[in-house]
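Two complexes are shown next, each including chain A; its partner changes from chain B in the first to chain C in the second.
Now for the complex of A and B:
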């Protein structure tokens, strides 16, 4: 009887729905969250891949993606506490691309936490990035949560320093996702040692959010949906009771749970990437719990791209703002042991475009 | 009579032998190797074009959305392409991508570049069953 909808509860629900439809999702969630305190929202923008054609000419499509994300983050009301940029601001690490991208990013009304991607790194090995955006890896605390930013896109010294005749050639090689002459991403020992030291001063009960460009687990090596020393990094995070890794690079809705660590991917503003299951020649380790995003309609330029915001409330409510597509919400609260799609988790109610082959 | 019969058998046998010579599979291992090398070279050319920033006009390349040619489903063409409102072939979609995301000029259907792109994309889907019309 208690679950039966009376006229009063129907009107109440309808009223909430009407309000929710009229307001940005972020506002609805944050307003509710703020009543109980120590909850906050941050947004993310990722994988903008700003591409110089020549001179002052840049790829219009990718410019439009980043501009749209900046505009929509600025329209969030209340504003998020900060924005994470998930890496790959530039396509080929050129100063012109960084400057053009920064010109758009400077319109953001809240601070930016920068995560470096491989497209930002392999031309000058992070020199310009460190001048303009800041360190390659660092940590900060925010409202009781310890955040760690990692540069997870490093690789072995021989590939980085000896394999290629010029920095431009090295950048081009790393920029090709399906490159058989590529090299797997790594956090590497120096940074892992820093991470251990950084976490020594943090209590195991403190919620931990790790931000990286590549997924800190292994999905598909040929496309670098992969971090080679992921297990070593996971082992460092293991003692913490509440750990979430948020990452870019994969340009898709993707989430996973390994032991006590949950993983969520950022959407790209530039273009969507296929799931590794769509490459039939090699096996992959695509997480089975992920409900895939819809196959993108190439005729709709912004389909399969977007941005997102994350509501921290002890657990995480992860909002994928998908342009040209219904938004997706993935939740992980204290009752759930892994992230779950709020609407489509049950295989029986998935839609035909969610099938990738 | 016996002589006539043996002559007749001999005639038919020789006819059969000549037919076998004329119609047996006429290619050798060397031929197979040569043809495979020619095909592989075209696949390689297709792979280069697929990853080239010069195929279009804005430095965008096919592999940026389709690593290893994935998510292009060559085995489902021809099919009804809902956005074009008619049944089209894979080459029509290749040209659509060249003209739109790559902001370039479409290729003639018999352009060796088009054959090479089709060869690469199809080769990357080898072993997958043909399902024309599938969505």
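Now for the complex of A and C:
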């Protein structure tokens, strides 16, 4: 180990210590005082991508990610009020994959709020999902906060119903990245109308948390880090004073602020997107991360994955439980009015991502 | 005259340590020296005296060197450490040799430096068994030699000596215990192609590839500390807490939040000990994670693992070959290796080539290269 590395690893160790020390109680105090609603915590698990190889054989790595997240949520003390599952329980929407994933999810000691992902949808268009998990979109109230769950991964009727010879082929096409035959995600008019109606009964002062699988804004179309009617959905949310959108699909730490709406991504338990640019040895068009993820260790199959929990206290504080990495805390910066990492912003204390292998 | 005698003593006492301190041993980086505790020959000598002083314990039977014995490569050869009244702790006493390179100390990394580490065993009921550091300072202040030595090293009066001075001197001594120059180092970093057996050379390849050893026990381009300074769950000892791990973890979390002393809990309670890194971070993913120890002088520092539960390096290799002990918190880098008998033998030859010249006399004769 060179002396350079020693300094680097020292900085990392120092970061770990501060972050760990800050976790249990500190964050509650810095959050701005609540106006409405009670304090509470909920956890999330997302993008498990349970993949059947054949018969009773499943991809071990993805199984382990989901099992680990379930176990660790159960270890939370005090327990969260509920767990959001952020979509993509299955890889190819197969019944076997759902059953295997549900077998692991049933060990959770708290209730689950389900959000559907495209990998769950495009084989049977949500039939099994609606039987087992419940409706594709719905809303609920929790301790003064109005939650809305959207199915944001729909797309146009022609692509869905007429283009593909079999459901399996449709599923495979939607699962592909950089697919010229793919189609962008949408919430679509019917669901937007439902959303308008649902929100009519909610006052503008009520804090609103929207849960979707795809980000309800536009990042990168070839990977469907994208919702095609995002602007129309945002317009419906605009009158509300306190709106947060939480989404899966992007498999990484990612947050954004558009107007009055904060956006925050869930981590995946399966694998991280994207790998560092140099890891793929090819240029790509991924957007530059606000704060690059410290991915130090490709040796570890869990590196770059994780789960998290969110404290609600008038504002939201996001705790990223990043496996085999330092935990991260992101919270709303009350002056700048956008989400910001509690640590790591200062380049002098930032742990640099590994840029060579 | 008195001064002259002390000087002669200093020269004799630290010759061994000084040689290591003054030059970087082959295969190791320079020893990191904290800016607020620079090395000096006098401080190193003082540290060695303190390290070996049995009066710093409840019954006058235990010094640092009980468990970190210079005649046993600064370990104790026992599965778990033995303190006052032959009380046994929960964890294997690691060698102090090359401990200066660790970024954190103790198996769970609960202390950031050698200085901070040195304060804890004095106060642990099953180690030195004192209830405060005050008795140590009393002994030092009343000793015929210590006040003059502290005066020379720290320029302080006897009444101003604190535990921080004591541990600074001990840490300075420990930083002289940096030993490399093994056959492996002479082969890889010294250009001596005859220093290793064919088996050990093949062992380097197994180590770096199929054996997956390299990823945690790091061998660098210009030197090797044999540690990534991280903490990993490999499953050893986990079966002790498996059936009620959540109960144990939550009870400890509560106790810690109520101010329970980690050091005492960890070494006095077998179940808490097996929580590993969790006791520091309270992150569930750190349950059962322990620090990656260096592999230098591994052939002369048996038994192995944090609980001293494995007697031989063959058993250790078999453990990693099968992918550790299965448990829900197993490190994701630990996977079955499917090593052949030849590959295992080659790895063993490599591990047996990591002994520094200072400890060659401790190698059982059949293991000598």
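Throughout what follows, the second predicted complex is superposed on the first by the 292 of 357 C-alpha atoms of A that agree within 3 Å, B and C clash if a C-alpha of one lies under 4 Å from a C-alpha of the other, contacts with A are read in each partner's own complex, and residues count from 1 in each chain.
Note that a contact is a pair of C-beta atoms (placed from the backbone, for glycine too) under 8 Å apart; a residue touches a chain by one contact, two chains touch by 3 or more.
Because the structure is predicted, anything quoted here is derived from the model rather than measured.
Once chain A of one complex is fitted onto chain A of the other, the partner contacts of A:134 are absent, as it touches neither chain B nor chain C.
Once the two complexes are overlaid on the shared chain, A:184 sits clear of chain B and of chain C alike. Contacts of A:222 after superposition: chain B is touched, whereas chain C is not reached. Once the two complexes are laid over each other on the shared chain, residue contacts for A:302 go to chain C alone; chain B is not touched. Of the two partner chains, chain C is the only one that A:77 touches; chain B does not reach it.
Looking at the shared chain after the overlay, A:323 reaches chain C, while chain B stays out of its contact range.
In the superposition on chain A, A:176 contacts chain B only, with no contact to chain C. Shared-chain residue A:260: touches no atom of chain B or chain C. Using the contact criterion defined above for the overlaid structures, shared-chain residue A:272 touches chain B, although it does not reach chain C. On chain A, the surface patch touched by chain B in one complex and by chain C in the other comprises residues 61, 297, 299, 301. By the touch criterion stated above, chain C contacts chain A in their complex at residues 29-30, 32, 103-104, 112, 212, 215, 218, 220-225, 229, 246, 249-250, 253, 257, 280-285, 328-329, 331-333. Taken in their complex, chain A has these residues touching chain C: 1-3, 5-6, 9-10, 13, 16-17, 20, 23-24, 61, 64, 67-68, 71-72, 74-75, 77, 297, 299-303, 321, 323-324, 327.
Of all the residues in chain B, the ones that touch chain A in their complex are 51, 58-60, 63-68, 70-71, 73, 83, 96-97, 100-101, 124-128, 135. Chain A meets chain B in the complex at residues 51-53, 59-61, 176-178, 222-223, 271-274, 278-281, 295, 297-299, 301, 352, 356-357.
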